[in-house]
């Protein structure tokens, strides 16, 4: 970790591979500063890791990177202990938060962090990039809360890219808050909602048995992607409703 | 460009009203049915399907104002198997879809021929519109304009592109003429004046004979098409 | 290049099927989110900066010679709603027919063969612009304008909105249209160097969700 005048730079790395006894080993488990990692109790063949926020952030000028790689046959569940709060900082400029996930054939990765809260005055650019080999499995959840209670949101740009076997499967960017391109809070984009989320599930068997599009209320839909994956997009009045919608959608996928 | 050429046709799909499909076969004859709301277009299409389905391979494209209501009617009446009925959505402008921008209808007729094999005849029914709606020659080979006696016996006199230029004018619901005070003789004379030698059929789908004359006209068109 | 060719391609009467689509306006009107000129303008502005930007960058990329098959895959990834993917391919197929009849081109023929049921409309738009001798900026302008003119004219029909008000909305959006068209061309040039993944992916959650709501209606005026 470095804390120069441009803010804090921190990286967390996880590497998962089968341990040869039916479980998953974590030969790489490196966190630093605000990105501390803790291995928690395994569940069957799945290793579980928690991202433990050791300080608040990211603040303006900070640059966080999280990298996780699941080798062939590994199963990794990766979550966070608390919500991430983007705050304005002393340093000038936006904060960056980059997540890089790589999943090999026959491996499975769950990236299930808690909410990202965009506090007033913050500026954060999140990029989440997932590279899946053919035959890889993924469950990924992202939730954005625009502003703390009764507070206007900060400026948030969040891009989620999922590539499967070298081709794009999903590429979506949300841009909101003061200074975002016009209309972000209008009737085509968020219509005043302050909580939104995405759930991506990729499973090879969806290629044979495609999931049908389904509405999950007026402001949420489960949609099959142009490939063996589905996306749930949900807008909600608050984080609790959002989580419930995403959890229910995941449970219906079996 | 890195385009694979593992397509089924020899050439790309046809552009417009070419008489042949990309594989060289002659495409189906396309007959349009237009006319005002409530004049009996859908009922005429249903009767034609029943009259012709045993002798011809046919399909129907409907152009509905609201999604698929005419298609649903034809499905309920079971005049054809469901795969032979397609609905085109028209965005509240049914005349646009059959005249000014026929691309969705062209796709519908091509898809029917692609998916259910060689067809002899495709009936394209317009959404109920007004007296000015006519079909583009890029979409249909011949068109029928359906009016009815209850809409007023002065419609043939008023003319308009549908009444004047359609290949066949059908005056429908003749059984209602005495009840609505329409003068069939006057309608026939006005139609003759507007249309010169172009044919006119007076029909009542409730009476004996029903759609027989229109079906006969369609057979004649088809004979000329394959000749 | 001929400036008049741009008018032909951008004309709302160019027979490419657009009249049957509302660009999400029908669903927004029914939900009460668009109820007049003011909310229509906000709707259009949001659509312009998301779907409009993406479409314009794909179209500009196709003019600049990016691989249309790769662009089509990029469009798929940027369109999670299957209803919107279907609409985009249907419109692409219809535009393809009109473009091939208007500006015959081996590139258009090849794309039509590759995607007999239609490539994404912006990709076809880019190749059509190329076939018409137009440039990347022209194609981007067509795409950004379509992204707002479609909902505006649909709303005139859906709400019986005063057509002068709807046209006023389009005129007020003009500076944004200029900006987004420029941004799209810049992004397409950047993608020439950095690959198609570098194209914008701006998304509008409500457009995607509402497209699925709309597709599930048994009765509607517009196809999308």
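Worth a mention:
The first chain written gets the first letter, and so on, giving A, B and C; residue counts start at 1 in each chain.
In this text, a residue touches a chain if its C-beta (ideal position, glycine included) is under 8 Å from a C-beta of that chain, and two chains touch if they have at least 3 such contacts.
From a predicted model like this one, the values you see are computed outputs, not experimental measurements.
Relative to the whole-protein C-alpha centroid, the nearest chain centroid is that of C. With respect to chain B, maximal separation of chain centres occurs for A (centres as means of Cα atoms).
One simple way to say how far apart two chains are is to compare their mean CA positions; for chain A and chain B this gives 54 Å.
For this pair, chain A with chain C, the centres built from the Cα atoms lie 29 Å apart. Measuring from the averaged C-alpha position of chain B to that of chain C gives a distance of 32 Å. In the complex of the two chains, the chain B residues touching chain C come out as 1-5, 7-9, 11-13, 15-16, 65-67, 69, 88-93, 96-97, 100-104, 106-107. Remark: chain C residues 13, 15-22, 67-70, 90, 93-95, 97-98, 100-101, 107, 109-114, 116, 154, 157-158, 217-223 touch chain B in the complex. If you check the complex, the residues on chain C that touch chain A are 24, 28, 31, 33-34, 39, 42-50, 53, 73-74, 76-83, 85, 176, 196-197, 200-209, 212-213, 215-216. Per the touch definition, chain A reaches chain C in the complex via residues 159, 161-162, 167-175, 181-184, 186-191, 196, 213, 215, 218-221, 223-227, 231, 233, 235.
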